[in-house]
Every structure is written in structure tokens, then in C-alpha cells.
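By letter and in written order, the chains are A, B, C and D; residue numbering begins at 1 in each of them.
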Amino acid sequence: MNKVVKDPAAALEGIQDGMTLMVGGFGLCGIPENSIAQLVQMGTKNLTCISNNAGVDDFGLGLLLQAKQVKKMVSSYVGENDEFERQMLSGELEVELIPQGSLAERCRAGGAGIPAFFTPAGYGTEVAEGKEVRVFNGKPHILENALTADFAIVKAWKGDTEGNLIYKATARNFNPMMAMAGKITIAEVEELVPAGTLDPNQIHTPGIFVQRIFQGEKFEKRIEQRTVRTKQ
Amino acid sequence: MALDKTGIAKRIAQELQNGWYVNLGIGIPTLVANYIPEGIEVEFQSENGILGMGPFPFEGEEDPDLINAGKQTITVRAGASFFDSATSFAMIRGQHVQLTVLGAMEVSQNGDIANWKIPGKMVKGMGGAMDLVASAENIIVAMMHSNKAGESKILKACTLPLTGVGCVRKVVTELAVLEIRDGKFHLIERAPGVSVEEIISKTEGDLVVPEFVPEMTL
Amino acid sequence: MALDKTGIAKRIAQELQNGWYVNLGIGIPTLVANYIPEGIEVEFQSENGILGMGPFPFEGEEDPDLINAGKQTITVRAGASFFDSATSFAMIRGQHVQLTVLGAMEVSQNGDIANWKIPGKMVKGMGGAMDLVASAENIIVAMMHSNKAGESKILKACTLPLTGVGCVRKVVTELAVLEIRDGKFHLIERAPGVSVEEIISKTEGDLVVPEFVPEMTL
Amino acid sequence: MNKVVKDPAAALEGIQDGMTLMVGGFGLCGIPENSIAQLVQMGTKNLTCISNNAGVDDFGLGLLLQAKQVKKMVSSYVGENDEFERQMLSGELEVELIPQGSLAERCRAGGAGIPAFFTPAGYGTEVAEGKEVRVFNGKPHILENALTADFAIVKAWKGDTEGNLIYKATARNFNPMMAMAGKITIAEVEELVPAGTLDPNQIHTPGIFVQRIFQGEKFEKRIEQRTVRTKQ
């Protein structure tokens, strides 16, 4: 079941104005750089982007914000982005903030056919407004719904022609759950190998969740907070 | 004398127990990792998806694919593991992490905490904080007693949008260690040389002060 | 002439579409894997936690750690993957599996299916069947038209405890291919040499019979 | 954080009459053989066992049934076991049958702090009796609660001294979710290695979910349905 497409243009075919996209990554770590660049080039507008963060001003999803392609961001943390703040405060950009664990679990639920679940996160806060509250084991929980997307765009380290994916270190983050929750899931990988090359025991995202896969041309992998120690 | 950030971190490090899994928030909490008491072994979890976090990398050895929840480049210790964010919060929500240390803008005497939003001024988002405070059995807030305008952050009731309700058990500031019980702050320890009077004057919330308030030993 | 089990499996295999992920139940459904039409590529999922199931192993090459949901020793194809049972049912519940083929004791004309329990006689459990039938967009039941006592299993209403309600769209028996629509069975094809009259006589549920009922081509 | 205990006796310390145990495995694949043998030796009674299957007459959990140590089985499929059938029909053994996917998800939920979730599985059947029904996207779902256990006993292929686990092939099955859901989780492994030996990127169960680990002395790994083809 060969799912390889030749380039980002072929991978992103069908993404249209007004669609909902899930975009993998945490901060700038594990983001689908090549697909984001392609989205900018396509100029698709009025997108709803579900992504834990919104990139920085000149990288990651920040590039889509700069180009005013995003109508709404659904995220858990959106600091470190001036253009984002400007658009949000001016009302150009709609923002829905979701606790990070609830965001991860809602994506998984969307992919797993679980329409809703209870979580303690956000009880008693703005996040709980309009949501059902129920007490389990003496502790109040709120009901959260599943999230899905027209397209999910994820980034992996290695992938095979059948769409099986392996992520590297903390670049895994939201990518596996978003891969599950996309009606169509696009994976860009650093290294694309023939089926049978990857150990079936070490696949992070089974190919069933991936519809299209391509090897990215170039990964800049920008570091957001370079922290080091000096050798003693 | 009031503690500096390092002092707050050192005092919190004394709360660590052997075998605990610990999640440290951004800022002062991160510093706690530098002062683990001898004979105590703990593992650090970061909510983006890692257990067994090690120190920052040596210059030139940074790996962009290996960061903590503060987006800082890090390393791993032997026995580390990586996982997705859903599994990471399964650990947190399922109370497998024994201690969470995080910063706050305000804490109230019933244990409410606010640290993610100042209406009209700042909205960075809650990140993982709402999941952490709603789930952890053991939450220590590391913060300054007052804000930059000199107003107490130790309050009868929070004024900012909440991150969680009734969840904070302990607060460590540059002046004192406070426990939250029965809807009141209880003064447990004071920073070396800091008077009980100063702590009382800088605490807006109801504060229970025992006859003898020991000084911290750092 | 009525089909044998192989014939039923062959007929069901004609339903496979290129690129589908398919879950085959125990019994006749398992045989479907042997008759994949040329030019069609499908992947088989087994709900204990494998995608890309291959044929049975050669004698002496059985691996006790590698079985399907029927507990049979199997092999893997290139591109296979293993995962836990929660992920496996995430695939099923989340409708990532395009086709489920399973056996049944009874099917009713509104698409109900019963296949896990005979009160007072047999309770083996539902295994993954309830999840599969509640989730799959496309369920084909492979079964004999009648039970051993000669009673129809194609019913107005199921008499046994249900596995799922209103979920079956297609039934393939040794006599016929039936579709379930608008609360009725629709006769789509008959087995080679089997008369429409025989099918009608052996079907207890309401059966819509078109003027011309083609024979299956196997 | 060394979690190694010296033998099954040390691993199972604290398991008492009347407790609830989760036991990993699917059929006889991936079951904690050494721990089950130890349980038989301990003679602990009135156990509630949450396990997808109940073993066969003379292996796996069947051994506990033979010794009449089990008060209640919580499973999805219990065929292939005469003694089980006898005890169940005679009323000696209480049995709760749960759809396999719901069982897996309820264990995961128990470990993940999700007290309840909605699933379509079992709607309109006996399984739904007494459970809340709610329609999402036009489809009825039932509310299922999380499962937890006093002890979870799992079996892995490789494990390290910190409790990190890697399973082999389909012997993974229910083990990872049960490892999450035990108040105390015991892992028996075929090979126990020092921390740092396993690739952090390929851990199936992070050590945080495991409290005790030991290397099993002997694994019989009985095959339930030996199916083969002959070489052409």
C-alpha cells in the first residue's frame, strides 16, 4: 500500500480555504517545516489551525500568521509571538486556548472514536464554561469533546512507504495523536525507507493512520531556547 | 534576609522524597533540579514527552529534537524514555507524577491558583498548567510574596482568571513557607532573618501564625 | 448448488477494494485472505495488536509471541506494525479499518447481529465483536443461511442477546448475497444453481426479491 | 531509581485475599507466567482478576481457577476453558464480560486519570444495561468507567532496572494499559538490563508506570492454536 507522494505540493493537494488543519509539533520541535512552507506558497486562507503552539514570528506557524492565512488558532500556549499577539488583540485572529493535556487527549479521542471524556483539567476555570461537570471519586471533572481535522500534517524522523512512522526524542509530542485524528493525514519525514526496513515492533504511528507521505527536502530545525552548560 | 531565587529553589528541593517523579515548571522551579539533597534519587518529567531529563547540553551538543516543556535544549540520563504528549499527560492526570512545582501570579487561601492570563494585558495560554494543578497530589508553588507593584500575591481570593481551584497545598516564597489548610495560610517557616511581622504585613490572605516559627535551614 | 465455506470466502473477497484495511473474524472470514482479487492490495488488521498480517508460518517457524485474534500463529508482511490493544481498538473505533468481516448466529432485517451468547448454553464472551460492529462503516456477515436444526438465521428480529444494533449492511451465505436496507433484506445475488424459491423458503426475515436475481460469479 | 526485586515472591508481596488484580496477556500470549505460578503457590483467595482471557484449563489464569482462587473474572472472551465454564455455570465464579476494546480503553483510562468516556461499543446490548446513553454525531454511545487494580502484573520482553519495558510482537496486547492502571505494577521480563541499555526512543512502557521488576526464570510460552503451512 504505497502512500508516497512526490513533493509537498502533491501531499497538500485538496487543502482549501476555511478548512481545519492539525499541525504537529511542540514549540518549533517536530513541526512539518516543508508542509508549512508549501501552505504559505499555496496561500490558502481562513484556516483553523489546531496546534499546541503558534510558532515564532518568522518560523513555524508564525509564517502562516504573518501571511494572514489563519482565521482561528486552537492551542495551549501561544507566547513568544508578537504578530500573533497583535492579531489576537486587534480581533483579526480568533483564539481558543485548551489545556495541553486536554488538547492531546482530545486529538487522540478524535482519532480513536471516543466522542467525549471526562477530565479534571480546567474545572473551576474559564475553560469549564458551558461544559458539563460531573463528580467522580469525590473530584469534579468536566466533559471534553473529541477533536478531528480535515487534514493533519505531522513530522516524523523515519517513515516507510506504507506510512509507518518513527519520531525522534521529544519531536514526537503531538504528532502521533494528530496523525490519528486527521481525515487525511500527511506525514513529512526526514528519511523515507522501503516497507520492511523499519522494525514492526518499533513503529510509533502505524501506517493505517497516514494517507500520504513524503521526504522533506530540508529541515532547518530552529532551536527556540538554546540552553547550554560549559565544560568544567 | 529574604531569599533569592536560588534560595527558594533550595528550600523546595528539601521537599523531594526518594523515588519521586517530579515535574518542574518554567522559572524558579527549573532551578530545583540543581539542589537535589544527597541520598535522594528523583526523576524529572517534562510534559512535552520525556522522563529522565538530564542537565543542559554542553555547548555544541544541543539537539533541536530534544527539548523540555520550556523549549530549552536538554539531555537525557540513563533510563530515560520519550513518549507522546497524550501519554505524558496520562502520567500527570493519572497521578503517577508525585510532585509538581510551578510558578504563580496569585494563590488564594483555599488553594486556588492563577498563572496563565491577565485580562486585556497578557494571554500566553495555560500550557500544561491546568492539567498539572488539577491532577497532582502534591503541588508546591514557587513565587515571590508580592508583585512588582508591591501588592501581596498571597490572597484571600484570586483576582485573576484561575488555573485551578483548591489544589495548592504549599507555597514557598522569598520570605516564607506557607501551608494551605482549612481555608487558611499557615506559616510554617520563615526565611533566615525575616521577621514574622514582615510576613504578616505582606500577606493579604488569612494567615495562621504559630507561637514559634522556625527559620529555614538551607 | 449451495456454496461451501471457501465459496463464501471467495464471494466476500470480491468486495475488497484497493487500499483497504480489513479485519477478518474467526472461521469463514479468515479464509477471505486466501482469495484477494488480482490488482487489489489490502492490509489485514487483527485486534490483538497487529497490522500487516501475513500467512501462517512454515512448520517449525511458529513464534508464540506472534498470533492473531484467533490465537493462531501467524507471520508478518513487510510494512507490518505491532501496537497495544488500546491503539488497536482506536483504529477500529475511529473507523480507520474500512471493512470488517465476521460470523454470526443471527442477523435481523434492521441490521442487528447476535454472535456471542446463547443464554444457559454458551457464554464465551464477545471479544472484540461489539467494538467492531459498533464502529465499522462496512460490515459483512459471513454465515450459513440456517442453523443445524434447519432454522433460518436471517430473521425479522434476533432472538439471541445482541452484539450490535442496526450495523450489518451485507450478508453472504452459502445461498445468497443479501443487502440490508430500509429495514428489509434485499436479495442481490444467488449462489450458482440455487433457486430464488429456495432462498425465499429459508429466509425468515422480510426479503425483497427483484425481478432478476443474478448468479454469483466466483 | 532501581526497581529490581529478586524473585516472584518479592515482586508479589502485599497481594492479599479479596484484592483486584490486572493480569496482562491475550490468550496465552504475553502472560506473566512466573507471577501466576507464584500466585498459585501463595494461595491467595477471592481474587478479582481483570484479564482479557481466562487462560486454558492447565495454563495461564486457568491455574488460578483450578485452585479456586478467583472470585470474579472481568474479561472479554473466556472460551477454551472447561473448568471456567463449570465454575461459572455452577455459580462459583462471578463473570463480567466487557467488549475487548472497551476493556483496553477502560484500563488505559484508569491509568490516565480519565474517569469515564463514551464509546459506541455495546450500545443496544446487555453491556449497555444501566449505563448512560448519549448521542454524538447522530450515533448513540454509552458511558464507560475507568478500571484500576490494586496490583497490575504484566509481562515484557526486555526491561531495565528503572522499570522501562519493551514488549515483543503481539505479546504487547493488554500489558501496556494494565501497567498504567495498577496502583502497584509488577513487571516480569525475559531479559533484565541496566538502565541506559534500552533506546529511550523505543520504550513501550516508561518506567514511571512500573514499581517492581524481575527477570522470570523460565517462560514456557505455550501456543494455543498452532497453525502452520507446509513448504511448497
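Some notes on this structure:
We take it that a contact is a pair of C-beta atoms (placed from the backbone, for glycine too) under 8 Å apart; a residue touches a chain by one contact, two chains touch by 3 or more.
Note that the structure is predicted; figures quoted are calculated from it, not measured.
Separation of subunit B from subunit D in touch steps, taking the shortest path, is 1. Distance between Cα centroids is largest for the pairing of subunit A with C. Between the CA-based centres of subunit B and subunit C the separation comes to 55 Å, rounded to the whole angstrom.
Between the Cα centres of subunit A and subunit D there is a gap of 33 Å. Chain geometry summary: the mean Cα position of subunit A and that of subunit C are 36 Å apart.
Note: centroid distance subunit A to subunit B, computed from Cα atoms, is 28 Å. Among the residues of subunit B, those in touch with two or more other chains are 50, 82-83, 89, 92-93, 135. Within subunit D, residues 105, 108, 112-114, 119-120, 167-169, 200-201 each touch two or more of the remaining chains.
The touch graph of the protein chains shown belongs to none of the named shapes. Across the assembly, chains come into contact as A-B, A-C, A-D, B-D, C-D.
Those residues of subunit D lying in contact with subunit A across their complex are 105, 109, 112-120, 134, 136-137, 141, 145, 166-169, 200-202. On the side of subunit A, the complex with subunit C involves touching residues 1, 108, 110-114, 160-162, 164, 180, 194-196, 200-201, 203, 206-209. Subunit B meets subunit A in the complex at residues 46-50, 55-74, 82-86, 88-89, 92-93, 112, 117, 123-131, 134-135, 161-166.
Residues 19, 21, 41-43, 45, 50-52, 76-83, 87, 89-97, 135 of subunit B are the ones touching subunit D in the complex.
Against subunit C, the residues of subunit D that register as touching in their complex are 26-30, 52, 75-79, 88, 95, 97, 99-105, 107-108, 119-127, 157, 167-177, 204, 221-231.
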